[in-house]
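Heads up, there are several structures right after this.
After this come two complexes, each holding chain A, first together with chain B and then together with chain C.
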Partner chain A sequence: MLTLRRGEQLRARLNAACRRYLSVKAEPKAVTVADAEYTAEPEYPVIRDLSYKSRKLQTAAEWHEQIRQLPTVEEKMIKVNMPRYYGYKVVDLNDTKIPYNALPLTQHYTRTVLEELPTPQAKTEDKKDDLDATVKMARDDIIEALEYAHDVYKHQLQLMATPPDAVKREQQLTQIIVELVNRSALQVLSADYGHLNEVEIDYNPRHEAFWAVGGVDPPKNVVKSKEGRPWQKDDAHDSCDRLVQYTGQPYLALRHRHQLPTWKSPEESENLTLAQQLPRFKIDARTLGYSTKYQHAVNVPGYWPSANAPNFGMLSFQSRAHLQLRPKSCGERDDLEALHALAIQSSYAWLLAQANYHGFNTYNELTYPWNTQTVITNGREWSFYEYQLNTLLVHGAYVDTNPRVNFCRGTAPQPLYAEISTEGKCVDFNDNTLRQLLELYIRAPSIRRTADELLPYMGGPALRRAADYENAEQREFLEHTFKHLASKRPRHLELPEVYMWEKIYKIDNKTRALEARRRFFERDINPWRRTLDQHDKVYVPKAERPGGRKNREGRFKKTYYP
Partner chain B sequence: MSTRWYPIYQRGNPQLRVFLPNFWMKLVRPTEEQPANVVTFAVSTEMTKYDVKNYLEKIYKLPVVDVRTRIALGETKRDQTYGYVTKKDDVKYAYVTMPKTEAFTFPDIFVNKAEKQEKEEKSLDESKAGFRRFLDRNKKRPGTPGWYSI
Partner chain C sequence: MRLTNKLYAQHIGWHFKKHWQVQGRRVPRETGAAAELLKMGIQVKTPDELLNDKKEFRLVDIVETVPKPIVEDETHPNWHTTACHMFKDNNVLLGGLPQAQVLTNTIEINSFPQQIEDAISNGQYSKVVDRNVQNAIFSSHLLDAQQVKLPKVKLIDRPAYNLPRLYGISHERRNRLIINKLLFEIEKLAGRSVTVRRKLMDNVTFQTLISKDNDLLSFILSGDKLISSSRALDAVKGKFNGELPDLYPMKCVVSIPKRHIYTENNFYPIRSEISCSHPHTIVSFFDKTIVGNIHGSDVSKTQFYGRSMLKAFVAAAARAKQINGVTFCSDLQKPIVIQCVHTDGREFHFGVFQLNTLNLDSNNTTKNYWFHRGSIEMFNDCSYKTGRPYIDGYNSEPFRILNAFYNSS
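Up next is the complex of A and B:
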């Protein structure tokens, strides 16, 4: 194989030399239509690097380009999933588990610069503005909502036969509080701030996102396998990509038709030195306590792709109930960092999923920035974050070379009230926290873009979603496949299992030499390598067959995999 | 560690008895690279995360943030003569996370190994050379005992 490549290289070099020689010898002639192929200046094809590594990179780049060229959201997502029938092995990031010291990993995986803001102080008398009047107006409503929520939940708890655990209790109470607070805030503010009349509210939406991260050390088996091949030996310790899937369920999310204004200019967002200063977590994420699982790449921002939906996230309320389960020995500082990590992960994932519905994904870079706001709360403590997504390219070499970075800024948690007294009254209500919460609502999504600017990688005005296809069969196929991937339902054909006796007597110790080798591990078949389209096609019964009962062409339904 | 198993309670026996439990922990070198503040132990399979944490905190006064454990399947081995398969015991591994300010590097117990080996080889070479000298000397008188010379 080596000699063949060497031969190819030599031939390419010889061709180039011949061409150069011929073009030098040729007399310069007037260019006519007939010999338009001759130019005064010789134009040589690009000499491609034919080494194994660069050919691999070339194939990957071509695949990314193919994904970019696809016209619809659904097809792009299916294309990303094509290589695996049973799903990718992904690092499982979620909002229920933030292990100790997770912030460096989060910053590396999301390419995010974190700015910790100081807790804003209460305003003095002379600096009052019109928001104070609004806070004053909202104050009583919010206090009433808090007292009512606690009262309701106390009553609900009494009705339950077995009281739920602390995490569930916090989730249930906070859900009531957040819904009531959100309703009061919208009621108070919507008269003065028109954009709040147009927001879409998602209750407990699914926020999921998939992306690839580069710059992670290769696992041992990869190193070992590469070291066994002469043409990969030198690259055995090169960093490799890790696939990441975030799964979260906020209490509440608000969406709007327009985008939030950015708070970092494009010049500030492109800073290679800043990008290189970001923490790098090269070791396997499992050493921190994260787990891995197999699943399809899924991007869901809380709704299905649709043309005129409020597509841009404005505000999400995340749960911190599971942080109760962290060991007390983590310390206060790390608990704060866990909140930051949760905010970064959830904001990044939500924005990535939204961007995915606009044709961008982890392999196709954004053409304009995205912003969102995130609140993490347990009803009493509230922390506020803003996030600006500038880049999605974290995979492969981009982790070193991409000058763009994402930004997150936020505060430490602040109490909205001290406690609810035994009489059910709210004690020590904090106007300052309420003010910050209302500020998030007030920030109007003001950025409007033309459709061409918004959707540069889509098929044009007539073709952006699978629903736009004329061919009904294709439309249904894409819709069905896309939703099936997103449903995370197990595959119809389950993964073949290796039984323990087989591991002991067939794989680890070859004690059954005379038995026929029929199982997949004896026939060198890796079930994980099965691709998405490797399945039997759907049979069309004779009665329903297009072209009559005897038409053998239409026996099986067509597939439209991208 | 006690070598006794905890006796099963029988009616009439005294109830409040404390034996030393069969707990042991062995510091092992991690097979994969880990953060500096994570230490790997092979522990008795009967120990829980809380046992590991208490063991390190109470006996060795180590700051422990978190403990994660897993049980690794013991290796199986085929008998070379008779072909039957034997299995080693399962081992529980505990990954102990210390505060991020701490760093642990696995001690290199065999720092002087190369040096020692060199010394051993040197003495071996010397004795080999001595034997060769002896053979050379007695080339012309085979069968002569070693002491039969000046």
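Up next is the complex of A and C:
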């Protein structure tokens, strides 16, 4: 009885629904078609290549575009770091170790054409110019500074029971010499060259840069993994990107408000044949002796983003103390190549970091060239380099297709003096070297650009840095997150690890079938896929909660990840 | 889940080990057999005595990569029978400035020498200089990108609470940068005629040994920057009189630890043969995480002043002994004047020391002079406030004084 009644009810409901539907259908529609929907020529949407590879490229390009759209320096940097909670695996380039045969790798990774200049000869009498008078004036000051530095350092070494090792000694002495020489040079020149009064001097600044390099052979595990998937099998041996992080600490760096003039025209800089002739270091950088590590992408040109800092590097003094550790068996040109490699790496990294504060990064191309000058010295031997940064695109297919190249030109090391005699006198002072050094100071940063031209990828005149935001909470969050990423502070909980016994008894041989599956590899969680924002939010105590103690919405601090 | 069960299931060897440990702790029960045997005159020996011969172990002298530290006893090459009071960089005088005065036989004058006072009041600076100085403060205190682990911060009311460790510019670097940048600014103002007569040197050490009223005093102090000059500073004109403060019941060497190991040599960082070797100004940094009282309490203001004076005194004394010989301890023919800047990056203390005598005995009528004013703060606070750089209470006075010091001759 009961079931029958239930059946009737259902049938009645169904009938009602059908009737309703039919009545809706039957009603006459008001046919109004906008004319705008039709055009004379049919406009079809773009036909997208839906293959796996091109979809991947498409998402990457979209991500790069998203980075470009972001208004502030800090947000761009956080955005680059968003995909990895534990940081990227990066090749560790630094200024304390240049392995044997590092020059081809350096040229490939920085897309740099190296021009070796001949050592300039002493000028003959008839070619004297106004610089000669300055050199003559600076000469005595510099000689005195050199003698003073050597004497004081030698005197101080007596006090130590165990003197530091040779590399450390060279670094300490060179630091003194570079500071004194820089001081003398500025004193002599600043009267005649006004731009030297506006430079900012960084003492042992922190220079860091992050970029992606394409055209490197894939590692074995990537090949194996791709070969295991039918849709990736054909691309298994395609080159893949390597991420690079440079870390350096020069003795001294000079910055100015304006840019140095360029020495290569845009036509010369865009040369695909030249770009394709660049050395290509296809094998892993670890084969040379470089190491890899996990860290966040950091770009620092020695200071934090600020409103009115001198933003353009003029001159940096790099250390060559580690050259002492190179075996002599590497050949005659080895030292020279190491110096070239160091000059290219440090100049590229410093310029990249500066460009980063103007909205450019390894995925967003420069719109104007950047220049800097680099000196590598141990007090006695000085090598001078000039660098012009034209492009930052080295990742992915750009390594083959990008017509732009960067340029570096420099000389072999030249002695500033032959030796310091036992009486503390400087022997055989080389005016020619001093002259070249002073020329670097004299070159005035003259290129001025409008703000729009300088910062094309920023959020306009009112929004360039996180400090420009109106929302105080957002400012604080961005500033804090940006510096937290740059600090390389270890994560509170270490990266999850598969222990050896787990590999044997849980992964390779499933011997513990009854045990609860709690570990990440048993629950299909890839810790590397954890993104930067996947963390517990900060709890706001009730007493400090905006909107009163009972406000449930304000329990956690807001995050402003880009 | 019970841990014991699990262990048993997985590792029976662990249980055997535990069993062995428990059994190994058993004490043999006293049976009275030994006493009976002794009564019968039979010697009782343990099995250990019979089976294991006694071996004498001798220390083998192993050559290690790191040389062994020399034992600090009478065998030490620098051991002296008379103990000496050692004053180093991480210590301050308990009595502060009064103790420093008694120790170094110095009278205090609460102003700078007239010539420097004039230079300070005459100094006129454009707005550009003022802005540059403020930029220097920003770039050394906030905008420098060094990030090292900073010392632990403790809350006074909650000492057990562990705050997150901050990463930022180290104290030493902050001070180095601010001094370098201020000096760069000053040298731009001074022009080449003055700057060629000065030389700058970082991280120098002064060392000297002095006796006072039968007490030996050894000072090893560092100057974080030494400005040397090609001409010695002129002695301050005028005669100054004053009384030494009374420290009773304290003795003037209180809180300076005694050591038997010390060296008697005198060290001034620049050889006297060099043209630009005269001390002009020393700059020393004060980091409260390194410098403190030997009993651990915080450094008071007068102790801070005392430290500046001692630094100036030791630099002057080391120079005087370098010129006149290590054993020299009487009145100087030509007084040595040295200026001292003592700073923690925010607070600046300036002083001028004139060394008239190295005879520090309390009955000596010639006194040394210490000209100084109270310390001045360059700013109240310089930090990021809600994501923006912020400076509060900027004061240009320290820069003016530093400039006057640099230009004085």
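Convention: the second predicted complex is superposed on the first by the 503 of 562 C-alpha atoms of A that agree within 3 Å, B and C clash if a C-alpha of one lies under 4 Å from a C-alpha of the other, contacts with A are read in each partner's own complex, and residues count from 1 in each chain.
Here is the rule we use: contacts are C-beta pairs under 8 Å (C-beta built on N, C-alpha and C of every residue); 3 or more make two chains touch, one makes a residue touch a chain.
Keep in mind that this is a model prediction, so the values were computed, not measured.
Participant: Which holds for A:284: it touches chain B only (first), chain C only (second), both, or neither?
Facilitator: first
Participant: Go through the superposed model and pick first if A:302 touches only chain B, second if only chain C, both, or neither.
Facilitator: So A:302 only meets chain C here.
Participant: What is the contact status of A:176 with respect to chain B (first) and chain C (second): first, second, both, or neither?
Facilitator: In the superposed model, A:176 contacts chain C only, not chain B.
Participant: Chain B or chain C: which reaches more residues on chain A?
Facilitator: Chain A has more residues touched by C than by the other partner.
Participant: Which of the two partners, first being chain B and second being chain C, lies in contact with A:99: first, second, both, or neither?
Facilitator: first
Participant: Does chain B (first) or chain C (second) touch A:472, or do both, or does neither?
Facilitator: second
Participant: Under the touch definition given earlier, write down the residues of chain B that touch chain A in their complex.
Facilitator: Residue list for chain B touching chain A: 31-35, 37-38, 63-66, 68, 76-78, 83, 85, 87, 95, 97, 99-100.
Participant: In their shared complex, at which residues does chain C touch chain A?
Facilitator: Residues 67, 135, 138-139, 142-147, 167, 173, 176-177, 180-181, 184, 187-188, 191-192, 195-196, 199-202, 204-205, 207, 267, 269-271, 274-276, 384, 386-389 of chain C touch chain A in their complex.
Participant: Inside the complex, what are the residues of chain A that reach chain C?
Facilitator: Counting only chain A, the residues touching chain C are 141, 144-145, 147-148, 151-152, 155-156, 159, 162, 175-176, 179-180, 183, 187-188, 190-191, 197, 200-206, 300-304, 306, 308-309, 424, 466-467, 469, 472-480, 483, 486-489.
Participant: For the complex, give me every residue of chain A touching chain B.
Facilitator: Residues of chain A touching chain B: 99-101, 217, 219-220, 283-284, 287-289, 327, 329-331, 334, 504-505, 508-509, 511.
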